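In what follows, a structure is listed as structure tokens, so that the remarks can point back to it.
We call the chains A, B and C, going by the order they appear; numbering starts again at 1 in every chain.
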Amino acid sequence: MDFTLSEDQLMFKKMFADFCAKEIRPQGEQIDQAEEVPADLLEQAVDQGFWAALVPEELDGCGLDIYTYMLMLEELARADMSTALILSVHNSLVVKPLIDHGTDEQKNRYLEALAFGEMLGAFALTEPGAGSDAAALATTGTLDGEDYVLDGTKIWVSNGATAGLFLVFAKTEEGITAFLVEASTPGLQVGYREKTLGLRGVSCNTLYFDGARVPAANRLGEGGQGLKIALGALELSRLGMGALALGASERALEEAVQFSMEHIQFGVPIAQKQIIQNYIADAKTQIEALRCLVTHTAWLADSGQDFGLQASIAKLCGARTASAVTDKMLQVHGGYGYMKEYAIERYYRDCRSLEIIEGTSQIQQFLIARNIYNAEGLAIQP
Amino acid sequence: MKIIVPIKQILDPSGMTFRRDKERMFINREEYIVDPASKAAIEAALQLKGDDDTLIAISMGLPQADDALREALAMGCDEAFLLCDNAFENADITVTTSILVAAILKLGGADLIVTGHQSADTGSGQIGPRLAEALGYAQVTDVSAMSTEDGVLQATRRWGTAEAAYATVEAVLPAVVAVTPEAFPPRYAHGARIMSAYRDWDVPVWDMAYLGLDEAALAPLLAFRREGFPPPLEVGERFHGDPADVAQEAVMALKLQKLIG
Amino acid sequence: MDFSFPKEYQLFRRMVREWVENEVKPLAKVIDREHRVPHETIKKAARLGLMGVPFPQKYGGMGGGEIGYCILMEELGRACSSTGTVIGAHTGIGAMALYLDGTEEQKQKYLVPMAQGTAIGAFGLTEAQAGSDAAAIKTTAVRDGDDYVLNGAKVFITNGDIADIITTMAVTDPALGAYGGITAFIVETDTPGFSIGSLENKMGIRGSSTAECVFQDVRVPKENVLGQFGAGFLTFMKTLDIGRASLGAATLGGAQAAMEASIQWAKAREQFGAPIATKQSIYFMIADMAIDIEALRSLIYRTAWLIDSGQPHILEAAACKTFGSEVSHRCIDRAMQIHGALGYSRDHWIELGWRDQRISEIYEGTNEIQRIVIAASLFRPHGLRIPT
């Protein structure tokens, strides 16, 4: 067993870390305030390879392995959670499914645009009546000549207003089917942007499909294969949430350690107080446990093994860790932790989303339990 | 001027859930409140009351209706009386009227009796007119504004079904007025008066014997059979077709209902 | 043993609940969004005697005692933490210090208008280097003729910019340290030399103002020394001790609101073919909320009773604040989880409650300080002093 990073991995990690620290991190407060990640920042990220992380080198992408991709997400989260989520959705939920399930023709048509900043990706699964119960979705895709006609509503679509390409899931004759839908498609309207507690730099929108014609050539995978594609994409994305949680928790710890060394009460920096030390130690312990989990799961993915169960575990553990660590690190800041000049309150708000998005913690619990019981021959229901 | 306000204590409707599919009502929070119509009546009376006037609240109810009367005192009533007896249990609207009339006469009558136009629970809307008939007083119902001068009441009430049509009615006191709840949003009681509502007042309890009522007077005319849901109604209008056309039709319909300009 | 509230308190709660529902709750999101204090609500509260609930009627108060005050704070906590914070800082600590340690003249001059809500109060203790370490304050008060001249700056003062009267702690003898060297003063904010520095930009309770208060040669007459000269530390400890019970009551209200919202949502929202209220993951969370709330409710009102009956209450009041803030944290967090994505949306109340809740574990003595207070009171009878 060798946990050392290869030279390539080290190089990428340093490149990502440097860019994130220098360009993204200082903009965190402004991104939250303006509720927008500046377009030029995302463009700069293109040049650094953030949009092409998983695109194979043959197609001029970075061709990162999953582990290095996780390092990238960790660094992004350390700098800013909104930016991290935008790029995670793009890479894990659109680029990767396209690579895994797309025809050569589809890849030729879209991968370059996705990799080089022309099209941001978004994932449209959730509906008003289909949240945790994703299979209950009601958007329809009716075959009409050479097109599918999509009708329905999708909500909470991250990157909804900024995406150029949507991966949309609809019910066709065969079952749930996946479609690549360009933003300019007539009949597709981007609607209301949700006002969120955190991740305020991410645009989450409602999408209306009203007789939207999508060429049959844009169907991703086979008819009825859609749910499998969605759940497969979500597996990688959930692991990514673990990496986001890791980066965010590390940032929170860093902020608290700094603050505790500068803030003097009772004649000494509060870092000298045992209870503060305990909080710091507990946070570090949780972070390192999460790191091992993310590392191990990424290795499973990179060695071609099933990693769905581990990905759910990583997300569940990550969400809980990030919530607990940001909460305690905010407490270390005392009253200052409640003020917007300090980054910690933003991380506290941002990280709370991790227990909800991409499958709530309760759904992760169900998936983990189901994996265990199915292996024993027992079927369980949510 | 002596003003009497009969008030009613009811089960809080917001603590109830009505389940059509189960054909019954569930009480998920059993709390008693002063009927909003009664509170409006108290408010209307308080607005009218001058320094030399006396405002008396009476209530026919269970022993816990004492709490409703304390609330009336906290709001500003001068005295309160509870009309309570086991024999009142099956009272219908006729019996309730007899009991209230007995109490009002015991108090020596009034110059003005103010009630709510319609209670939130049974909602018969009859108490005001029945009291007036039994006492031989003038009556004005659905009143949204009023004043008194030299023994004459001036009241504004809705007139007919035409929109925004009102009539000002004059009545020589004594009179019974039933007020429109929306026109008299009740005031909040001052905290200090709430604290003293139970400490500084006595609320006498008058029973059947004290009110001089016999069994004949308490025999209801109405028999309660059962309660249930009305049959389902198809309400509203559906529009079909091209979205642009539908939008036009919907706007027209809203305009006809005078819901938009 | 009779655990029921006396009838007048039941009536008081009913009427306050209705007032809060109609007058306070509709403004909760508005004042958060507009980042302003609900002055209109404060005026309405004053007219109903709600700005001086715990104080006797002879001082212009409502005569409701600590029990009545906890009821008010609980009902406000159910609807709007910001409004609760504004009224709480005014009544619970600003005016309370005067009630506990003021002379009759001072009470008539200052407590009466504060209790009646015609003057707004604040509590001026915290400084940049003196948060948890309150004794480390540096604002000075130097005798000059018949006055004391105050110089210094206070931070994180709730109501600082809207107060007419600030009960302020200043150092009168640096050599004597906390015990003997600090004095409490009643400062009228229209005194020349008093000004407001910055207003904080906070995560929550944005409908309350948190201000920096600057004292530049502010002259305070010697009649405005509050309590015993040099015993300011005791004055502020006593005030904060009592204030904690009602802070706990506010968090009880918040937790209660979180549970009620969760029950309503869980029975309405269907996933996997049934209301989510029928799923163990969900209803166990709600059951846990109910357990927390029952325990907190008993703690709060028993502590209020201890205070009203003149019994020792330091440990219990600190427990109210600590347990209450942690209960409300758990409850609003569970409520957010039950509401799913809706809980994360600013179109709904939950995220506001979540943001507002977090400060309760920090202000008026962080929960770490509360635990020091509790431990100290446990070990004191054994002769052992607990260091901070």
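The definition used in the following text is that a residue touches a chain if its C-beta (ideal position, glycine included) is under 8 Å from a C-beta of that chain, and two chains touch if they have at least 3 such contacts.
Note that the coordinates shown come from a computational prediction; the quantities given were computed from them, not determined experimentally.
Farthest chain from chain A, judged by C-alpha centroids: B.
A count of contacting C-beta pairs for B-C and for A-C identifies A-C as the more extensively joined pair.
Comparing chain C-alpha centroids with the centroid of the full set of protein C-alpha atoms picks out C as the closest.
With centres taken as mean Cα positions, chain B sits 58 Å from chain A.
Centres computed as Cα averages put chain A at a distance of 39 Å from chain C. By the touch rule above, chain B contacts chain C in their complex via residues 33, 67, 70-71, 74, 188-192, 194-199.
If you check the complex, the residues on chain C that touch chain B are 6-8, 10-12, 14-15, 18-19, 47-50, 53, 57, 62-64, 68.
Per the touch definition, chain C reaches chain A in the complex via residues 126, 129-133, 136, 156, 200-204, 270-273, 279, 281-282, 336-337, 340-341, 343-347, 351, 354-355, 358-359, 361-363, 366-368, 371, 388.
Chain A makes touch with chain C in their complex at residues 126, 129, 131-133, 136, 155-156, 194-198, 264-267, 275, 330-331, 334-335, 337-341, 345, 348-349, 352-353, 355-357, 360-362, 365-366, 381-382.
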